[in-house]
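Below: a set of structures, written as structure tokens.
The same chain A turns up in both complexes below, where it pairs with chain B and then with chain C.
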Partner chain A sequence: MVMRNRAAWLPWALPSIVLVTVFFLAPFLLNVRFAFSSWTSFRAEITWNGLENFRTLIDQDLLANAVTVTVLYAILCMAIQNTVSLSLALALQRTSRINTVFRSAFFLPTLISPLAAGYIWRGLLAPDGAVNSFLGIEWAWLGEPSTALAVVAFIDAWKWSGLITLVYIAGLNSIPKSLLESATVDGAGPWTRFRRVVFPMLAPALTFNVAVTLVGALSAYDVIAATTGGGPGDHTRALNVVMRQQWGQGFFGSASALGFTVTLLVIATAVPLVWWLRRREVAG
Partner chain B sequence: MRAPSRLLGSAIGAVLALSLSGCGSSAPEGTGQVKLTLWHNSADPAPLLEMYKKFEKQSGHKIELISIPSDGFEDTTQTKWATGDRPDILEYHATASGLLALNPAENLRDLTGEAYIARSGDLYQSAGAVNGKVYAAITGFPQVFGLYYNKKVFTAAGLTPPTNFAELAATCPKLKAAGVTPVFESGGSIWPVQILPILYLAGANQSNAYGKAIAGHSSTLADAGSPFVAGLTAYAKLQADGCFNKDIVTAKFEDSMKALVTGKAAMVAQHSDMLPALLAAAGGDQKTVDESVGFVGLSSDKPLVTYAPGPIGTFYLPKTGDAAREKASLDFVRFMTGPAYAEYINASKTFPVFTDVPNPQGVSSVLQDVKKAYDTGAVIAFNSDIPGMGGLAQLMSELIAGQKDPQKAATQLQGQVEQAAKAAGLPGW
Partner chain C sequence: MRAVLKYTALTLFAIPWVLVPIWLVVVNSFKPAGEAAELGLGLPRTWAIAENYGIVLDRGGYLTGLVNSLKVTVPIVVAVVFLGAAAAWAFGRSRSRWLQAAYFVMGLSILLPPSIIPTVYLLRALSLDGGSLGYVLAMTGCRLGIVIFLATGFVRAFPRDLEDAAAIDGASRPQVFVRILLPLLRPVLFVGGVILIINVWNDFFFALFLLQGSANATLPLSLFQFASGTLQSLNWNLVFAHVLLTTLPLVAVYVVAQKRVLAGLTEGALKG
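== the complex of A and B ==
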């Protein structure tokens, strides 16, 4: 029985297994040694140097800040994207002509290149840009330490919320109508219906969206590069931004160490998170 | 089920074969003409691009230009370089620090003995060479760093442009009172904010004394009361005194050029290769630039300009192992440094680096200012020979944001220098 199930399952999983192996697992395993090597552009020899790259990054005050910024940024992106997308999904759930127009409008930013999105928003949020003109204020949204990280996270959310909304809409549409009708007959109001029926039934969509937004933001680079370049100071200097800077200075071993840190962070976050969310689905 | 699989396999095979067949050199067989790849800076001026075309016409070889954006030029070049990809000709910095990061002994062809070197005066004493071997062919006049200033603004305020930091600090409040931003800094582009501290250090770096002391490890950037810490302190004081534009963190380099030309800002610290950008900010009107913009040297205490051999027109020949292409790329260097060079100088209206080529006619007044300041007193940038200084601009961002004080920034940068100097195997580390 088990063998038959496996035989049936394998052809469907094979493309994914091949893709993950070729484009993730193999490069990761082949390159992980560079994180522990003396690889620089200054000489040809590459030797094993243990944890020296990590020590250097810590000594230069780069690692701890980059990890903190990355984690904060990921949490902000995940929270903003899921809150906005769930609200939009609830508002646009019904299939009607006007809702289709709005769904398309909110989905459009997903199709724009992240760098282009960053450049557009950098222009809009400049001290003499359109946003400040509209609000009648003078504020360097991307230049003030207090707002820069949140604003970049907002731009990332603007870029991806359309996609996350679609997943939530699919989740909402898969909830049996009879269940909602029964809850209504039992006297449940809109809020109780959402809390007791809709939200628990959305668990699979929530698992997917939370995992995707969090993991995606942990490897953030493009939007940050296009908007703040890591500034002001090091307030938006996420791991991949520092990695690029180290790489640009020819410190390839240190850059690889930062890349390895991103991978560890993604695995350490994604595996327990998905495990917990899946358990929640079963419990629900 | 089997037939479609075979069909699919054959199709994939055919596509792979076709795509692989297009990957090799596209040299037409039997003609001796080859295709050369040239990684070049996107800021290459039109006359230089024209020289590439002239070489193609004269030699019959083809040049495939791979443009590297001037914003983030070093990062992007290093990233491409690190993949093992090599062009036939590389346009890159001529400073020892830039050159060391290419691991020249391993990767670049030794050009020592080429005729242009003897015609370049003592240029290769301070640029394009490592351990007595010349790797670069420098055709561009060094980047001359100093203070661009708006002549009309200074005339209206009854002031003369400052040539040392004390004068700069004293000029600030007067310009502010006149409603002008004294110095426009563009932290949004990151790299420009390191220029003022580098200018400050010219005073301590005559004959490259300070640079040599740091590179040789007889001094460190973080020594108590070091010139470097003093330079950062002077910068921080200018910022605290409100000498810079309010949008220092987000403003881009292009904004600084525009602010200078329009008179919104009185001064911008920049280098001479940015004159085309200045012209672009003036809508391409050279007359406007000449009427409104001047250039002076500035250091801690004297009117000195700082120079650094720049990437524009500096060529290296990476080892590729392909004899035909290596011969053609050497022909390119000989063409760029040969008789056609005088034409290039006349077309570009820049100054020659070869002693036997005369200065061009009709040079813009601002470039004449640059040359005058250079001839009066020029000091090589202190960081030219020090590897690992690439982090200076990022640290300046942190200094501007108030996250680091000058001493802390100096200590951190010294750590990066140590990391690079050890990797490069410099004596004394």
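== the complex of A and C ==
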């Protein structure tokens, strides 16, 4: 029969394969080369130079700080986002009219661009802004080294929390009711039920959300561009921020090296995380 | 009693989380520059709606941005959804080793961040740099993976009897695709499409590298250029007016499709 003919499947996948190969895979492979190449706006010729780009970035005290900032940012963002979203999902799990209204309201920040989210919170958190006047203090949230990074990560988490909440609700609703009922019959209280039944059963949603939020936050740029631009000093200068600066100054090789560092961080985070969470999922 | 407590807590949380940020934007976009600089939450003492929005439409490049955003978002979403669905059908049904290897690359493209600098290099080599077409192609190539991955799971979970029966009845492959596959994949394509629209409409990072000049600027780019143009002290009234106008099209779509979006995301996202 026609449908079993193997070669006949290729045309259906071909446009996608071509697009992904040319615009994802090829740039990915080229980046590995550019990261170890001398390439600037002053000398257009691209030549292999080993670890020179990384050495230059380290000598300028740019690399270690950018990696630290990026990793901290990602962890903070992931923690805030998942705490808020899981709490909201537990509160809004049941589909009722009032819960739908709340779900809908909490989804709104997801529609706002990260850039716009940055401007909005920069306004709210200004020294003479609404947050400070409510708290009765005067604090430059985005200007003080001690709070800037956490606040920027918070804004990123705020923007995405609505979507992650919905993924958690989907996960919660896929838990069989009978399991919870039998736990209740066996005398388990709400906390025990959450710890012993809900939490382990939530593993697929948790895997997905933790991985997605961490990996996404490693590519942080937009919120930082709209709020601190990397400051105060270099306290929010994440890898992509330095990359953009290097690119702007014409150091294309160094910029590629920074992009490659993001990729390495993503691999280093995602592979063990997915593996570990998957194993827990099976064991749980 | 517990329900009352719960919804009071939720409301108290929703006020600073959702209401105040939106209110800040709306109310300050109505104020003259000096008043908006106080960043207060009170009603305007002097109203400056027409002036502010006039300036954003005129000098903020809003209309150009709107057209450009539509010009890239629509083709990307259409291409990703339909090409993704077609590829998912092939990946879900074919046992060819080559296609399975290609499917693995699709999976990689979800996890790994796109390499933006080589993308600029590549588009330059193809003489496609700076314009909408290069951006659409690059964005499509980087976003196809997730839709293909979700939809392939769906195809695999579904028995092929229907397709076989239609083929025996003489339906051609394109007919089977349109009449059976697309309706079958509708929930997952809808969810993928929604996330994609939000993603592409709000994209700033890709646009910053790939779109050159204000003639090609999408809304996030024009917002950034507009806000950075007055870097000394932001003209908050104008920035907020721009933020509101930039977000409005998505909010309008969301209000209309709200029920399906929420239901789709809570029910269809993780299946398959």
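Following the convention adopted for this analysis, the second predicted complex is superposed on the first by the 261 of 284 C-alpha atoms of A that agree within 3 Å, B and C clash if a C-alpha of one lies under 4 Å from a C-alpha of the other, contacts with A are read in each partner's own complex, and residues count from 1 in each chain.
Following the convention adopted for this analysis, a residue touches a chain if its C-beta (ideal position, glycine included) is under 8 Å from a C-beta of that chain, and two chains touch if they have at least 3 such contacts.
The model shown is predicted, which means the values in this text are computed figures rather than measured ones.
Trainee: Is A:F28 touching anything from chain B or chain C once the two structures are fitted on A? First, second, both or neither.
Mentor: second
Trainee: Let me test your reading of the model: by the given contact rule, A:T192 touches which partner, first (chain B), second (chain C), both or neither?
Mentor: A:T192 contacts neither chain B nor chain C.
Trainee: Is A:T40 contacted by the first partner chain B, the second partner chain C, both or neither?
Mentor: A:T40: touches chain B, not chain C.
Trainee: Just chain B (first), just chain C (second), both, or neither: which does A:A13 touch?
Mentor: second
Trainee: Taking the superposition as given, does A:W247 touch the first partner, chain B, the second, chain C, both, or neither?
Mentor: The answer is both, since A:W247 touches chain B and chain C.
Trainee: Could you look at A:P204 and tell me whether it touches chain B, chain C, both or neither (first, second, both, neither)?
Mentor: second
Trainee: Can A:L115 be said to touch chain B (first), chain C (second), both, or neither?
Mentor: Second partner only, chain C.
Trainee: For the three-chain arrangement built by superposition, which of chain B and chain C touches the greater number of chain A residues?
Mentor: Greater contact footprint in residues on chain A: C.
Trainee: Is A:T184 touching the first partner chain B, the second partner chain C, both, or neither of them?
Mentor: Neither partner.
Trainee: Go through the superposed model and pick first if A:A126 touches only chain B, second if only chain C, both, or neither.
Mentor: both
Trainee: Chain A residues touched by both chain B and chain C?
Mentor: 122, 126, 128, 244, 247, 252
Trainee: Quick check: in the complex, which residue numbers of chain A touch chain B?
Mentor: Per the touch definition, chain A meets chain B at residues 38, 40-44, 56, 59-61, 122, 126-128, 138, 140, 142-145, 229-235, 244-245, 247-252, 254.
Trainee: Which residues of chain B touch chain A in their complex?
Mentor: Residues 72, 74-76, 78-79, 81-82, 100-103, 106, 187-188, 190, 246-250, 387-388, 390-391, 394, 397-398, 400-404, 412, 415-416, 419-420, 423-425.
Trainee: Along chain C, where are the residues that touch chain A in the complex?
Mentor: Within the complex, chain C contacts chain A at residues 6-7, 9-10, 14, 17-18, 20-22, 24-25, 28, 38-41, 83-84, 86-87, 89-91, 93-96, 99, 102, 105-106, 108-109, 111-119, 121-122, 137-138, 140-142, 144-145, 148, 160, 163-164, 167-168, 173, 176-177, 195, 198, 201-202, 204-205, 208-209, 219-220, 223-224, 227, 234, 236, 239-240, 243, 246-247, 250-251, 254, 258, 261-262, 265-267, 269-270.
Trainee: Mind listing the chain A positions that touch chain C in their complex?
Mentor: Contact set of chain A toward chain C: 1-3, 6-10, 12-13, 15-17, 19-28, 30-31, 34, 91-92, 95, 98, 100, 102-116, 119-124, 126, 128-130, 133, 158, 163, 166-167, 169-171, 173-174, 204-205, 208, 215, 218-219, 221-222, 225-226, 240, 243-244, 247, 252, 255-256, 259-260, 262-263, 266-267, 270.
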